[in-house]
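Shared between the two complexes below is chain A, which pairs with chain B and chain C, respectively.
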Partner chain A sequence: MGTQPVAVTSLLAEPMVRRRAGLWTDAWRRLRRNRLALAAAAYLLALVGVAVLAAFWTPYSTTHQGVVLPYQGPTAAHPLGGDALGRDVLSRLMGGAQISLLVGVGTQVVVLVLGVPLGLLAGYFRGWLDAALSLVINIFYGVPDLLVALILIVLLGHSGLGQIIFAIAVTRWMDMARLVRGQAMSLREREFVEAARCCGSGTFKILSRHLLPNALGPIIVQATLGIPQAILFEAFLSFLGLGVQPPTPSWGSMAADGVQAIRISPHIVLAPTIALSVTLMAFNFVGDGLRDALDPRQRR
Partner chain B sequence: MRWRGTLLYIGQRLLLIAFTVLAVSSIVFIGIHRLPGSVFVSERLRASQMQALLHQYGLDRPLWEQYRDFLLGLLHGDLGISYVNQGVRISPLVGREALVSAEVGGLALLFTIGLGMLLGVLAAIRQNTWLDYLFTSTAVVGYSMPNFVIATFLLLIFAVFLQHLTGGLLYYQIGWTGTFGSLGEIAIPAFALGFPYASVVARLTRASMLEVIRQDYIRTARAKGLPEQLVIVRHALRNALIPVITILGPLVVGILTGSVVIENIFGIPGLGKEFVQSILNRDYNIVVGVFTMYAALVGIANLIVDLLYPLIDPRIRY
Partner chain C sequence: MSPPLLEVRDLQVRFLTEEGEVRAVEGVSFNLQEGEILGIVGESGCGKSMTALSIMGLVPEPGRVTGGEIRFKGRDLLTLAPDEVRDLRGKDMAMIFQDPLSSLNPVLKTGFQIAEAMLAHRRSDKPRALRQAVDLLRQVRVPAPEQRARDYPFQLSGGMRQRAMIAMGLANAPAMLIADEPTTALDVTVQAQILGLLRTLNRETGTAIILITHNLAVVAGLCSRVIVMYAGQVVEEGSVFDLFERPQHPYTWLLLRSVPRLDRTRSERLRSIEGLPPDLIAPPSGCRFHPRCPFRVERCFTEPPPLQEVGPGQRAACWVTMRRALEEMDAADLLDVRPGAGSGVHGPTPRSPGD
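Moving on, here comes the complex of A and B:
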């Protein structure tokens, strides 16, 4: 009997603490059980490390020619050998990781900045704004996105990293806008939004304090799954010679160079293509894991 | 009554397609003609010669006049004249290339649907066996890998390793002889083009098959004593296909865009290769023409797929 007061206070205190961290602790617990997603996340962390490292140090220069014999196979000094111009493949692979991650994350930042407010406003206000947004989205869905990005790169006058990010983001924002619009549309009918409106909360406050936090889970999942898409787009553009301009290394252009020499030295094409595949797969695993963790109701 | 609704729907969709094509082509046309420099810059001509060339191609006229002529030509199916290969008419050229692309794309579509469905059904009826795990993990790899990576691996296997293995007797020759390649030449590019989407189809087929197979009418069919193959093919697969049909649209678009890369790797003289080449050559008439054509093709492909739904699933109506 003597312990009862303690139990009561803890009962009173605990749910308060837990409710505050509910979604995130729950999500973390679910994510922790997903070994595949964790392994993928670990790989991606390592990749970020490599990309940061590449900004300061690579074993050899990423652009200097003739640091290895051209077409040199893997050796102790050059673990991944040299390319057609005698550049160190490992160093270029590290530089390429940097480009890929920059494009992937950069694109998603632009997509978030563009898609989230547009989707929120269209879903909350409906009316002409929603109609206009839906029309634009439908037009964008009517044209193949990769080709739009390609054309945009041309129109922007070949290309720095900023233009590439912009071009990819322009073709990728609709998914995010549509998702947020749907979320806003269903959330605006819920009681807590009505309650907030009754309390006299302004539109901005309702959108930012009530709608946005409740839509955050799906937004995070969508943004994560958008990163490999953007990386793929960049690789695609660079593969065709329209993305990152040489001599800056990109996995796409490295693969294109490698295909030219596929008969002589396959290692040149294998290194970037394997790195690209594993990275895309890792992002997909993490994204799927996050979806299962953050958004358990949504089925794949 | 029912047909009126359908016709109205088709009309609306065609309007949207026309609007999309118009919007896309105007943006690309105007954008591309505002770019500094022209195709002829690299030819080091005297000012008077340059002027003559620009005049010959009508490039010295106001932009809106050029655009009007472009639109009028478009209505007649005339995409103008190539700047780089001077005097070559674009429409017949692009038409032939579209056929080549359609050939490869069609085979890829066959691969995608056939292989995807086969793997999906097999994985579903052998759920939780090693076969299921093998197919499911292959599918994950398949849709995570860009098609040019798959193409590269196929080249490595069939063009390089196979040659070493058989002592040069049997291997895939990179490149393309004649306008329309032989089946052997098409098969590998088509496979590379279709494989990522085959994994998507397989995943979808498996999931919907698993759902359908647990339903009562399947149990009834089995209870009647129907052979298992008939139950699967005639009863289960039919209904399991409905969700698969829904991704046919994106699939066609994906194969269309995928061909841009695949044709460049395998040296296939199709629309995709032309598109990239003309961009690199600054042959802007072709860029605008091919892009317009892509937009129209995608719109029409999506419309056809949407019109197929009600034929397969009578519950859907427009």
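Moving on, here comes the complex of A and C:
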């Protein structure tokens, strides 16, 4: 009996601290455990740093020719060598990072602006709005992406970054709209939405306060995974000569230039393609990590 | 007597489905006085929830209110513009649901959700609304309300969540609160606490409460007046005391006998009600309860009985009533409760062509 009070006070002295974990703190904790996603995120942060830096400073000009011998291999002064026109590949790679990130993120911004409201409205109201949206989405799925993008780029005239972003977004918004529509359709039947209606909440409030926040996890994942798709599409367009116009560097056009000299100086094609691959992978890893962190159904 | 707070007259709710028109609510009428606690009892699918949702103007698709009148504070809710009804919802009338977890938004903090309910109707700044939310949580007896307001719904216990729901319902001090099976998802001790809370709030704030439940014990403990519904219709209405002491409709009587009681002798067997609730697409002719009623008479097969006075303040829709069943059919000693067992009537007499 003599030991009992001691035990009690020791319990009192160290009260159990309840972890105050909200949705986002919880997700962050899970994301932090995912080393791969974290490394990928670090790489992307560094890439953003490089892109920002490239706006003010690159080792050499990104467009000036003859700063290095044409087809020059890597040297100390030019770590990634020179391209067919004697431009510094490293500088152009940095400039290309800027384009890639702008296109990737810009496209997703347009996709979000387009897809989220449309999906929310269609999923919440159903009826003719939903039928119309579904029809349009199916038509867009039916037409090849490349065709749509090509037609748009031709129609919009050659070819600023804005046009490219818009053209890519037009081929990419459907996935987001459909995802949000599905989320809205399942969320609108949830009781808390009915409870909100019972409290006299209006439609806008229900959409913005109750549907959107609950769908935010999948939306973020979808947007993150959409970035590499857009980057790849831009590189593809530039590879075909339809993207960013020369001499502005883009990873896609750099690769197109390099392909012609792939036998004598492979570094010209390797540099942009490796950069592209690593960046795409990084975005996918981060996206997957976010999916695992934000999706409660996959909680382990 | 002052005019009732809520007056439901001849309410009709129908659902258009592929199999046909479901008559979920058929001619329901009742009154609710200011500050009163009214119970609506019935088995699942009898239309009690639909009645509540009609009052709130929230009958789900493909259902529609096809007739009747719902007067709330003298205004007919069915003829008001949707925006006006929306403004009344949450401000003058509120509703709480069975499952408090799914009724709370999982990604919003509890206090914020209560504040939102307030801000939907009042211009007020957010910090003030949040403080009032904490006060409301305190009013519904949530311990450490400041901390609980910062919790997400999944971090609260079941009883706490229901309290938070009630706090949300009371956010704008409504004149009427509809509680649809508020304790069904909770364990018994918590049930008692929540019911006690509703009673206290009713006394403190004067909010009239409509309590919808299938649980007779809940009704007995809380309500002053009770409506019994069967197959979309009101079959009996009266004070809680009369209804439990002298039920006049056989359905009410059987319902009461199907509840285990401590003060009943062992020899009295617990009875269930034979049969299933009727199909509301093609409801039975005459009295809707006649296919299951042990005391039916021939008239029950053809003529629907009106809700009529069977005692002071008590009304029942029955051609026989339990008074007669007890006197003439030995209902008290009846062990067999199969349809027609008490009255010996197993079908309508076929009409001769000469009739």
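Heads up, the rule we're going with is that the second predicted complex is superposed on the first by the 275 of 300 C-alpha atoms of A that agree within 3 Å, B and C clash if a C-alpha of one lies under 4 Å from a C-alpha of the other, contacts with A are read in each partner's own complex, and residues count from 1 in each chain.
FYI, contacts are C-beta pairs under 8 Å (C-beta built on N, C-alpha and C of every residue); 3 or more make two chains touch, one makes a residue touch a chain.
Worth saying up front: this structure is predicted, and the values here are computed from it rather than measured.
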Clash or fit (per the criteria above) of chain B with chain C on chain A: fit
Touched partner set for A:Val48, first chain B, second chain C, both or neither: neither
Which superposed partner A:Gly258 touches (first chain B, second chain C, both, neither): first
Which of chain B and chain C A:Arg190 touches, first, second, both or neither: second
Touching partner for A:Leu280 - first (chain B), second (chain C), both, neither: first
Chain B versus chain C as contact partner of A:Leu147, first or second or both or neither: first
Which of chain B and chain C A:Cys198 touches, first, second, both or neither: second
If touched residues of chain A are counted for chain B and for chain C, the larger one: B
Touched partner set for A:Arg209, first chain B, second chain C, both or neither: second
Minimum C-alpha separation between chain B and chain C after superposing on chain A, in Å: 20
Residue ranges of chain A in contact with chain B within the complex: 138-139, 142-147, 150-151, 154-155, 157, 228, 232, 235-236, 239-242, 255, 258-259, 262-263, 266, 269-270, 273, 276-277, 280-281, 284
Sites on chain B touched by chain A in the complex: 16-17, 19-20, 23-24, 28, 31-32, 35-36, 140-141, 144-146, 148-149, 152-153, 155-156, 159-160, 253, 256-257, 260-261, 264-265, 275-276, 279-280, 287, 291, 294-295, 298-299, 302
For the chain C and chain A complex, residues of the former touching the latter: 56, 58, 86-91, 94-97, 99, 102-109, 116-117, 120-121, 150-152, 165, 168-169, 171
Complex interface listing, chain A residues touching chain C: 20, 22-23, 190-192, 194-202, 205, 209-210, 213-214, 216
